[in-house]
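For reference, the structure discussed in these notes is given below.
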Amino acid sequence: MGIHDIIPEYEVLRDPQRCTVCRLCERECANGVHSFNPKTGKMQSDNTKCVDCRRCVVFCPAHALKIVRNEESYRTNAQWDRQTVNEIFKQAETGGMLLSSMGNPKPYPIYWDKMLLNASQVTNPSIDPLREPMETRTFLGKKPHELRRDEKGRLRTDNLPPQLDLDVPILFSAMSYGAISYNAHKSLARAATALGTYYNTGEGGLHEDFYKYGPHTIVQVASGRFGVYKRYLEAGAAIEIKIGQGAKPGIGGHLPGSKIVGDISRTRMIPEGCDAISPAPHHDIYSIEDLRQLVYSLKEATDYKKPIIVKIAAVHNVAAIASGIARSGADIIAVDGFRGGTGAAPTRIRDNVGIPIELAIAAVDDRLRQEKIRDRVSLIAGGSIRNSADVVKAIALGADAVYIGTAALIALGCHLCRACQTGRCNWGIATQRPDLVKRLDPDVGTKSLINLVSAWKHEIMEMMGGMGINSIEALRGNRLMLRGIGLNDRELKVLGIKHAGE
Amino acid sequence: MRDRSNGLGGGFAAYGIYPKQKDLYALHVFYGSRRAKDECERIIHASFDISVAERIPTRRVPGITDAPAVWRYFGLPFPKLLEAADIDEREFVVRFVMKVNTEVQGAYVFSSGKNMGVFKAVGFPEEVGRFYRLEDYEGYCWTAHGRYPTNTPGWWGGAHPFALLNYSVVHNGEISSYDANRRFIEMHGYRCTLLTDTEVIAYIIDYLNRRRGLSLKETADVVAAPFWKEIAAMPKEKRGYYTYLRNVFSSLLITGPFSILVGFAGGMMALNDRLKLRSMVVGEKGDTVYVASEECAVRTVEPDLDRLWSPRGGEPVIITLDKGVKV
Amino acid sequence: MVRIDAKGKNFQQLNEEIRVAENSDITVEHCMGQRYIGAGMSGKHLLLLGVPGNALGCYLDGGSIRVLGNAQDQTGDTMNSGAIIVEGSSGDATGYSMRGGKIFVRDNAGYRVGIHMKAYREQQPLIIVGGETGSFLGEYQAGGTIIVLGLNSEGRTPVGNLSCTGMHGGRMILRCRRLPKDLPPQVSAASASKEDMARISGFLNDFCGAFGISIQSVLSEPFFVITPNTKNPYRALYTEN
């Protein structure tokens, strides 16, 4: 290290009165923080390796451990804080681009927390969802332009393009097999099936064992086309073309060859040890009309039986891009805001590129309505949706449904230590090491996900009832149910909402 | 019925009242200023071949104050304009109404049908009726409404009925889905300018019935669709039908309490929201049908009824000339 | 007995006249929509001709009201004691939050009949409807008894959708051949037992006597009794935060 002295972020505190030297922490920590010193007969810790994943704290039978933020610092400097200095040291040391995981952690404004919901009083009765019908079922897909009738004059219902049918307007976002573990995927697939919604394979292909959850699976076609072949396309309920994601708009991905082993290699259909590189663009989409070609190629390959989703990152001209996508034959547009998570992305891209999903969804919904094409596509919003209130606000802004990724992983036990890129996830989620993967019990994982989404569904129903709404479609795009607080005029305008008190 | 309103709006829709000009559009317009009238009449005369232009006859009534100028015009759109724009006369009239109501400050076209007319003001309905000398008109169908505003201040344009072409809507309740409905319907050329949620219902009905060709029953099945639980218990064909409508027209589902009376050429439809949060009774006597929020209103007009009943939530009651009551 | 003519009188005038009338036996003629007749009344017996308006007998605290015709919405709203007898139909929210006394409706009743009805000590409220009711019968019922007979329904289930939703006390009795299909999981339904029928017959005698109906014809069809199966069905929904 020498001159580039990187102050460790965390400090491991061990209570010597409580520690029984059982060495469980040593076994649990894949980062090698804890070790037994035979000379002293005591446990010792290497703070430089600690990522604050809290595995040891949770599992220590004596509750002897505490991880705290290391208060050591350089001289206080608002412009050059500790992290900033450390990052320069790292780059001077290695010459490398900084690589991080999960979503943008910087203190940009969170617009969800600056919007308030309505409740009905006097002029409109609120509804009690425990006693009166409260419906969260929604369909994603293109709606037919024409109505047709049979010889008896009855409406024909057979001209509906393919749809996704959701019991609750929450889907599990794309997280590839490779970025997360087999057990994590198994939990997501089984939970999606039980909940009446869908999960997304991400760009790592679909494991053979999970074909049976096909009716609740969205299969992704990303720029690297890993694992994409006819049977894969047919297996899912929908196909998602991944153009971009919120965490790293504009760039591709890279899973090093060391991780391409066994099942990963088989599922991605690439040789073991070969790097899995996802190019920045799809190399058959250099312009909007090319997207149309790709969309129809997938429809042709699957006999027009699957809705096609196009997933984009929320960037500056997201409204115009969405308009183009809506005219390309896509059935659903998924927009991923700048807070979206990832297994690995360059830090600078993750923290500086893209725009908040709240503003993006409002802008996209407005633009599609101005152009009178809003009913050609359904909209899914994603990018760190944290709770059921965020979901309700997203729908009121104009989304048909939301994608959750980070929240789902937290339900599985993720503690947001943001060290996924090391592949040593102690919770068995963002890792392929068999000894770590087995720590995630898919039965427990499935139940946790079902619990989370069910709890959110009940909360959504309570909020809807409070607003006097008993079917989710009446909330979609219903901007009058929102009021801004602490937002300036321009922000209110982009969101298309009034200020509280108006 | 005075107990149900607060005097901040009252109005009537009447059908069959202009037999001598029954093939001409009868445009009823409010003007808040001379300038508004001049500007609007320029557009009217440029768009329609007008045979009669006159103030709607009124009388002074205590309780009706601050009246705007209220005029009516009888005419048809110039055929050349219809050809040039390649639209039918009804679409032409709708676009004209939206244009005036959004672009001409202080002018509001509040009735635009043939052989029918809306009469409304800020005041109790009985005062409004006297103000407009309604005793001078004869019609086959009348709707009436007293307002107790929920969201916006009372003003002349905001009283019910809301009308477009031959459709008129009076509404008791509040629509919680209003902004979701409005932002969908405005994609199709309509503009909600009258500051009252009921306005959107009139446009939804015009859109579904006239532009998309749904029958009134099918329209009711969209705006007051049954719950998924009920749909799941239906036989296969009905299930498919309701699921299709709820999916395709999901943004036109109306939630929130409502009782509406929709007038149209040849009849009237009464509809409650699917939870039946507002009251409604239907009375029948001979070949006359009465619908009201309270039985006493019907009995005051006709004490001796053949039948009196309450429709179920979500089930339209469609009453037409010549064919009787349909449920 | 004293006669009051309601013609042309607003509700305040009419109700004031009824309140100050010294005779406790009052016939009111030509009712036409006046609201709140008998509000908070006790110790008087009203006979109403015409169409009384909304909230008839609200907060009734004793005595009786008999209507020779239909009643409108919110009849017997928050009633505490007394009797309301309707020789016709009643509207929506009949007996809302009723705590005691009885409401008998000969024909049909609207939506939300008996909603939030609750008993308290000796006060055991009772609603009997001779015909059919609309949806949400007995919503939130916390006590008391609701009986629907469907006398002209030929065995058809005489209630609308979503009956008993939120029921957590009291009992509901239906005279029909088949139970409604959409009863919520928080209630249990069973055919009326001998003890049930003994109690029910007591109520029915009273009802039939009020309208001159033969009790034999009423007892000719099967009866079901519906009760809540837990006092606190929603406990598992919440988690401390």
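We call the chains A, B and C, going by the order they appear; numbering starts again at 1 in every chain.
By our rule, contacts are C-beta pairs under 8 Å (C-beta built on N, C-alpha and C of every residue); 3 or more make two chains touch, one makes a residue touch a chain.
Note that the structure is a prediction, hence the values are computed from the model and not measured.
Relative to the C-alpha centre of chain A, the farthest chain centre belongs to C. Here B-C and A-C are compared, and the pair linked by more C-beta contacts is B-C.
Centroids built from CA atoms put chain B at 46 Å from chain A.
Per-chain Cα centroids separate chain B from chain C by 36 Å.
Work out the mean CA point of chain A and of chain C, and you get 53 Å between them.
For chain C, the set of residues that touch two or more other chains comprises 136.
In chain B, the residues that reach two or more other chains under the touch definition are 229, 275.
In chain A, the positions touching at least two other chains are 132-133.
Listing the residues of chain A that touch chain B in their complex gives 120, 123-125, 127, 132-133, 135, 137-139, 143-144, 147, 154-155, 157, 160, 163, 369, 372, 374-375, 467-471, 473-481. Here chain C touches chain A in the complex through residues 136, 139-140, 162, 165-166, 234, 237, 239, going by the rule given at the top.
Against chain C, in their complex, chain A makes its touches with residues 128, 130-133, 455, 458.
Chain C meets chain B in the complex at residues 11, 32-33, 35, 50-51, 53-54, 70, 72-73, 91-92, 110-111, 134-136, 160-161, 181-182. On the chain B side of its complex with chain A, the touching residues are 150-151, 173-174, 176-181, 183-184, 186-188, 212-214, 218, 227-229, 240-241, 243-248, 250-251, 253-257, 275, 277.
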